[in-house]
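In what comes next, chain A is part of two complexes: it sits with chain B in the first one and with chain C in the second one.
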Partner chain A sequence: MNTLEGTLADLLVSRLGVVAEDVTPDSTYEQLMLDSLGLIEFLLIIRKEIGVSLDDDALQIRTTLAETARLVEAKGSRV
Partner chain B sequence: MTGSSPARFDAAITGLGLVSAAGIGTDATWERVCSGVSAAARDPALAGLPVDFSCRVPDFDGSKLLGRAMAWRLDRFVQLAIVAARQAIADARLDPGTWDGARVGVVIGNSLGGTETWERQHRFFVEGVPEDVSPLMIPMGMANMVAGCVAIDCRALGPSLVTATACASGSTAVGLARDLLRSDTCDVVIAGGAESALSAGAITGLQRMGALSARREDPAAASRPFDVARDGFVAGEGAGILVLERPADARARGADVHALVSGFGASSDAYHATAPDPAGAGIERAVRAALRDAGVVGDDVDHVNAHGTSTPLNDVTEAKALRRTLGERPLVTSTKGVTGHALAAAGSIEAGLTALALRHGVVPPTANLTDLDPAVDLTVVVGKATSAPLEVALSTSLGFGGHNAALVLVAA
Partner chain C sequence: MTARAAVLSGLGGWVPPRLVTNDQLAEKLDTTDEWIRVRTGIRQRFVVDAGMATSDMAVEAGRRALRSAGESRVDLVVLATSTPDHPCPATAPEVASRLGLGEVPAFDIAAVCSGFVYALAISVAMIECGSADTALVIGADSFSTILNPRDRTTRAIFGDGAGAVVLRAGEAEERGAFLGFDLGSDGSQADLITVPAGGSEQRSMGLVAPEDDYYFAMQGRPVFRNAVVRMSESARKVAERVGWSVGEIDRVIAHQANVRILHAVALELGIPVERLVVNLDRVANTVAASIPLALVDGVVSGHLQPDDHVMLCGFGGGLTWGAAGLTFPSLSVEPLPGLPLPTRPPLPAALPVHAAAR
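Moving on, here comes the complex of A and B:
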């Protein structure tokens, strides 16, 4: 897990109660039990904590953590 | 008395779950209520406000009790309800994994919804941009979610309803739940009330309308029902959940029955939005209807868990009505001296405490009552809990809007 993936994983665990042991770069949000409202909340957290604003439909339940990290990176993560 | 009338319908209370400022759990709550020591205390979340104390449930951490993945999506009033409902279902020794969910209903009272959620998200909206508002604001804030989320949690597939009769909501819910059993709509009903409106805005609103005690210098003495020096209620929070079943069903599965809900009466003052009808005619109608429904008369009543909010108007109005309908014989208490006023949860918390009073033959004292208001011509229990044989008890609730509700409980 790279630094950005680790940061995203920490947010999933600390803010949304995802079980830490379940999170890998290949985990999809469906596997992590997050629904569409949870994904919008996660986007809000990413914007506030990492400073990167993604579109509301950027994440789907089949998106993985690694794919999310790439999206954040492409938008210019400061992490 | 208590030969039941042929028309009387009893609902057996087979499970109890109580979460209040007096404690998390039925035993903790009962013990604290019987101690007569008020739970009111300075509330850091209200620091700087004209009323900076409350009866908050101590050490209630939804993340610990329900898990963070569940808790972050729920306002505290729903968390309180789910915790109390799980307690009640476990106490009833029912298993949501195996029950016929289609025959299980949920009726829970709530008044103000998720005030903490509304206020926090509104702040984000005003101070930021629309994208700062959580997508969970609506599902967390809606009052009906308290029944919906309890139904989800225990997989109750029958009707799930929310009653909103302000501070009578919990009692109204228990009364309607009994009707769902009587009409054979359900075999089991998870019934009660839940409220958590100790947010700065909601408390300010209650303070501005003059409902709250202003006894900032001594919060522990602020909730003093029926006392001549009372000056308002102390806002509390909590949830009281009862599992109700038909007595025959409870017997058939060998369930332990705490007490029976044998009568329910409801009425409206149709007088004023917030002030009770000073003659107490509205609550009197509800009490008389509940007694009639239970097939008992006023002289049969041994114990009353009164609404007794500690406001100047409520306590005198209610006392007059109780005196007219019941005489001076019953042992009266207001457990709000200890728990504060949990608004929509109050009626069901008190119904639970009334069931425990019948079961144990013990009437808890009214905390802080040192100088009975001369206008209160009732036998109010003070000082320490009083033991007495109790067969029939009444629990009363009055709500803003002129909603009145009365429950008659009978020993099992």
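Moving on, here comes the complex of A and C:
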């Protein structure tokens, strides 16, 4: 897991109650048991904590943590 | 000389007697109690019976607010609603008349779920400028009457009700004085929360629209994000105007849209969820009534105390949003008929509901 993936994983665990052992770069949000509102909650957390605004539909339940990290990176995160 | 201000002096609310639980909804729609609770925090809602209109609820809430304030007359009646008794005329004059308030100025404000904050801002401004010495401000909606009977999402989210406050002229240093407002709108996103047909746009076409277009429709994800961002930004602006740090806000009475929106607002503001006043578990989203009904709940449960720094914030269709700050006064408020008090703590704290439910 790279640094950005690690940061995102920490946020999933600390803010959204995801079980730490479940999170790998290949985990999808469906596997992590986030529902569609959970995806929006995570977008808002990324916006607040990393300063990157993703589009409302950027994350889907089959998006993985690694794909999310790439989306955040493409928007200019330096984490 | 101290500045003239508008002071909160009375508060009341009312919900119709017909209770609909999540299980009752699940008997007719493809949904479950758990699905509704996990996604919204809502356990039940009250809805109007046949023949009951928004004005009926507004009169009941208005009467209780006047009683709370010890007033029998006011100079102004403003009703926030998106479900008026008729498309024309406004409902406020009838409400004023039925409350025995005589020939006072009375009008409606339509800003959907932000309506109460908008109505407050106008009424406060009219008192501050000397156009009125007292005002009755009501938020009332019978949204169950515009919901698509086949839509499991909106039927779970919304309930009917009315809440009202009485304002009087006073001084800015008094407890209860409204200290600052922020209002805003973004019409470029008007289609996120809408009843597409039934207005002049569709009627001017001279055609009948598809049946579903006559019902309320909402796009959940962008509405969720906008609600969180707009309410927290608006609350921050008001806190700055009033001279409070965000940490000095004791209680947030945000529009009761969804408990997960409320928790996300707390997270965005960086305040503990215990500072949220929450009643949507028992009354659902009552649109323009939501903030005054939450105020009633806060006072009756003791969650809101005199001298608390209170931030009201609303968000709704338009898009519209707004916030208002005040130091809470001491009020005598009647409990809502038929409504249980909140369980304490009001809802699972710290984590969003979906995680807590696992």
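Basically, the second predicted complex is superposed on the first by the 79 of 79 C-alpha atoms of A that agree within 3 Å, B and C clash if a C-alpha of one lies under 4 Å from a C-alpha of the other, contacts with A are read in each partner's own complex, and residues count from 1 in each chain.
Keep this in mind: a contact is a pair of C-beta atoms (placed from the backbone, for glycine too) under 8 Å apart; a residue touches a chain by one contact, two chains touch by 3 or more.
Computed from a predicted model, the values in this text were never measured in an experiment.
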| item | value |
| --- | --- |
| First, second, both or neither for A:Asp57, with chain B first and chain C second | second |
| Touched partner set for A:Ala20, first chain B, second chain C, both or neither | neither |
| Chain A: partner with more touched residues, chain B or chain C | C |
| Which of chain B and chain C A:Ala74 touches, first, second, both or neither | neither |
| Intersection of the chain A residues that touch chain B with those that touch chain C | 15-18, 33, 37-38, 40-41, 44, 48 |
| Residues on chain A engaged by chain B in the complex (per definition of touch) | 15-19, 33, 37-38, 40-41, 44, 47-48, 53 |
| In the complex with chain A, residue positions of chain B that touch it | 63, 67-73, 131-132, 134-136, 139 |
| Residues on chain C engaged by chain A in the complex (per definition of touch) | 38-39, 220-222, 224-225, 228-229, 258, 260, 264, 267-268, 351-352, 354-356, 358 |
| Residue ranges of chain A touching chain C (in the complex, touch as defined) | 15-18, 33-41, 43-45, 48, 56-57 |
